[in-house]
Amino acid sequence: MADSDKHILLMDGPDTKGLIYHVTGVLFRHNFNIIHNDEYVSPSGQFFMRTEFEAGVTHESINGPELLDELRSVIPAGITLRLNPKKKKNIVVMVTKEHHCLAELLIRYAFDELDADILAVVSNYNTLQPLVSKFGIPFHYISHEHRTREEHEEAILRTLAIYQPEYLVLAKYMRVLTPGFVNHFPNRIINIHHSFLPAFIGANPYRQAYERGVKIIGATAHFVNNDLDEGPIIAQNVKGVDHRHTAADMATEGKDVEKIVLSQALKLVFNDRVFIQGNRAIVL
Amino acid sequence: MADSDKHILLMDGPDTKGLIYHVTGVLFRHNFNIIHNDEYVSPSGQFFMRTEFEAGVTHESINGPELLDELRSVIPAGITLRLNPKKKKNIVVMVTKEHHCLAELLIRYAFDELDADILAVVSNYNTLQPLVSKFGIPFHYISHEHRTREEHEEAILRTLAIYQPEYLVLAKYMRVLTPGFVNHFPNRIINIHHSFLPAFIGANPYRQAYERGVKIIGATAHFVNNDLDEGPIIAQNVKGVDHRHTAADMATEGKDVEKIVLSQALKLVFNDRVFIQGNRAIVL
Amino acid sequence: MADSDKHILLMDGPDTKGLIYHVTGVLFRHNFNIIHNDEYVSPSGQFFMRTEFEAGVTHESINGPELLDELRSVIPAGITLRLNPKKKKNIVVMVTKEHHCLAELLIRYAFDELDADILAVVSNYNTLQPLVSKFGIPFHYISHEHRTREEHEEAILRTLAIYQPEYLVLAKYMRVLTPGFVNHFPNRIINIHHSFLPAFIGANPYRQAYERGVKIIGATAHFVNNDLDEGPIIAQNVKGVDHRHTAADMATEGKDVEKIVLSQALKLVFNDRVFIQGNRAIVL
Amino acid sequence: MADSDKHILLMDGPDTKGLIYHVTGVLFRHNFNIIHNDEYVSPSGQFFMRTEFEAGVTHESINGPELLDELRSVIPAGITLRLNPKKKKNIVVMVTKEHHCLAELLIRYAFDELDADILAVVSNYNTLQPLVSKFGIPFHYISHEHRTREEHEEAILRTLAIYQPEYLVLAKYMRVLTPGFVNHFPNRIINIHHSFLPAFIGANPYRQAYERGVKIIGATAHFVNNDLDEGPIIAQNVKGVDHRHTAADMATEGKDVEKIVLSQALKLVFNDRVFIQGNRAIVL
């Protein structure tokens, strides 16, 4: 059975008794197979459930809108329901000059390991054009020079409008985005920050890390909201360093952490495993 | 509401459609609160579910035998059901001469962090008697000298019979137990092995690790079955080393890993979070 | 040869050509064995060397003051030289109410694994007196109630004056020390902070970590200077968490990290392996 | 000053008093700058030293053969001395069908982060030819079909003879090499094995890991000698898994570990930081 026959049901809202019972009852009556089912109830009483299921081979196929209606009829009104067919996401990647995260995504994409299609790469420099061209993906060089921040973002938005990406991945895009821009993609922009947030917010985190004399460096993949480096954290990882590492050494070592953490976070997001609750990411 | 009002339902058996639906239905009709619910279906089609629930404050209390009967009536016969009130386990700890794992357990027990009561400590040496006596716990020195292996184990079994422990924890007990002994405690003996199993099975793993020149050492907490160091693995952890570490240095560094891994594994087991499937531990 | 026959030479100062050559030349002419020799030159040109050596069995014993004079005669004046016999340090441990770090130190001390003698424990609560008394170590309960901060610190200083410790270990001492107090022990106070500094400076780091939704928690052992949580970092470690961990769960999980990191940092300090350069700890 | 002006002196042999003194004396008299100096003496009395140094700007340049002669005149005959200018190594990469390690090396090479030049890629399948061709590197498809093992290796050796590589990197080359082949490249073949050696030697380590139910998987970069998976270990790393990971999931997760560990190991080897002592790698 192909992935396209699989669906993912996402529910979140105030917890009440019987939510699992009622929802699994609907799937049971349709004779659907539950492949994975994960729930979480937060200390504040918020319920989250991700159910991956499929129609049995000899049974009815999945009619999304009808199924959603039926599910809505058995659960309280305050619960949000989403039903996604299991499929690759469409994304655009934004970069500046550093190649390591972009290259990681390109290689995974080229070998069908990304759970997404890279529609295009957008950059404020043309440095990485040769790399991107190796993979036959459109590269849009949109310089920020001689443009106001708003003009620059407008130009980017015009390009993005061509591709209509579901997610925007900032793979070392080194400019701060305005709230105006971010609001176009609510919970749909993922950034990799080169520190173990919330340590070393802002510019030059490895320089800050060196000066503070930390013994571990890290990287953080997070959703972008309107506060710099403050959105919900999806994944983090770290690596030991010592006094022998200069800030430049830390940056070099850190790249390996950054690219892997970003890839791990994208895998979670692209498989519909991440819910957002306030400033926290719930990963089921 | 005290822990004693909470119950844990454990189910495992061949997966069929509707298991979650039927079980949560029973709990829903009794008006019980599901606190945590975790399921897993193995690739071979085995279903596992752990449901932590409690009776609501104004509602009926939980009658275990009746509830089990009712649950059995809605699920297929091949499913194993267990219903445990949430409470501390009773354990006996067995040791030889090394103190670090035992001390870790004693301190956690003394500060009510073990999820278990240590009824007694049994050792084939009296080395650790002074440590145990600080904590007011019975210490049984049962030497293996001048006894056959069977006589020694018989003596231990007579002592264990006094305490009737639910679990036996081998906190660096350095003698191999016979199948005859192990059979008295099926899936109820937990051992800490001082290597990253299956590397370095058997004696002197740090010496073996040194000679092999590994760059990481580890420790493994596992259930004991009749094959030495071969039972289901509950938890593992590791630590980096380098060529400067002698075998003795590795043993010293390894102790920190061993005691924490053992504690983590016990926490999982004592909270009824571990199922056994063949030679694998399923941790929900 | 006992540890007392071993010495550790510590050098630091501006790098110039020939420092290793001149110093090893002196040791060579005395026929001393170099057991370990580690150097580091910082990017700013500061030289650090730690040399562990011993007199050969049939040769002259080590006369510290004479040897220091001789070494000073072959190196530039700006280099700081220290010569320590290899031996245990004398320490006092300060705590508040949490037991886990203190217990770790007491157990290591009881089994001669601490590289230090715990002369006494000082606390602003009497909560941990029963634990300390098990190990036969003086416990000084010096309440901060009905005292100004200065009066409280004066009382502590009077007690410390009895013991003359080389190092003060803050094993979860939850009060901020004044600069006046800290100045009595320059680079001789070691603290364990329950976060991955510089993230979550100050109070309630696990609460902060929970609210920020981090995926990794950590602990930091550092020297105390006059800025809260800002002294040179000696050791750090981390542990993965997820959205299921409440702030209380993080605190519980974090304890295992805290106590091991503190022990590791103390081992480094007590073996004269830590130099301080500005706000950075150089570990050789 | 360019890297080409830097040299690396490598010494190993039986430890005797004064080795550091005599060698640093020669460098001091030539007015050379020691940039890094690392030593290690094994418990069995073997001395290892790696000294990175450079000629001062206004001073004599480094005459390798003369300097080696002079160094040999001040140290015992049993010590091995090597003097390498600091420069990139020439390598050939061998692969089968999996792309992840090769792609990692190609990207690093393309962005000058590998400390080596990839002269060619050799494979027993043509699967990865399109990837390699993106980077303008010769790809030699040398099928093992219709050839005996010896004929196949002969064909590979003829191709390698064209390039005369200093190192051969097996980036998931899935065939066992004969001793006859290995002997052509003593301590010059580096392999990545997809397990935490010595666990799961041989074929299908992730399948083995799944069946054993391990909670951590790993990867090992090691030199190849004549015993399969038994050569000196250069670097290892690990990643947590749980019962939800199938063998295929483990393989997917493991790829991220494999490619990073291989890169780390190569960085060490290509910077002349790895000595071999019996079956152990000493990394200075």
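Labels for the chains are A, B, C and D, by order of writing; each one numbers its residues from 1.
In this section, a residue touches a chain if its C-beta (ideal position, glycine included) is under 8 Å from a C-beta of that chain, and two chains touch if they have at least 3 such contacts.
In this text, all values refer to a predicted model and were calculated from it rather than measured experimentally.
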Lowest number of touching-chain links that must be crossed from subunit B to subunit C: 1
Give a one-word verdict, same or different, on whether subunit C and subunit D use largely identical residue numbers at their interface, taking over half shared as same. same
Look at the interfaces A-B and A-D and say which one is made up of more C-beta pairs in contact. A-B
Per the C-alpha fit, the turn needed to bring subunit B onto subunit D (nearest 5 degrees) is 180
Quick one: report the Å distance separating subunit B from subunit D, using the average Cα coordinate of each chain. 42
Rounded to the nearest whole Å, what is the centre-to-centre distance of subunit A and subunit D, using the mean of the C-alpha atoms as each centre? 36
Going through subunit B residue by residue, note those that touch at least 2 other chains and give them in order. none
Quick check on the complex: what are the subunit B residues that touch subunit C? 99-100, 103, 107, 110-111, 113, 131, 134-135, 252, 256, 260, 263-264
Subunit D-touching residues of subunit C, taken from the complex the two chains share: 17-18, 20-21, 24-25, 27-28, 31, 33-39, 41, 240
List of subunit C residues in touch with subunit A within their complex: 40, 42-43, 196-200, 211-216, 218, 232-238, 242-244, 246, 277, 279-283
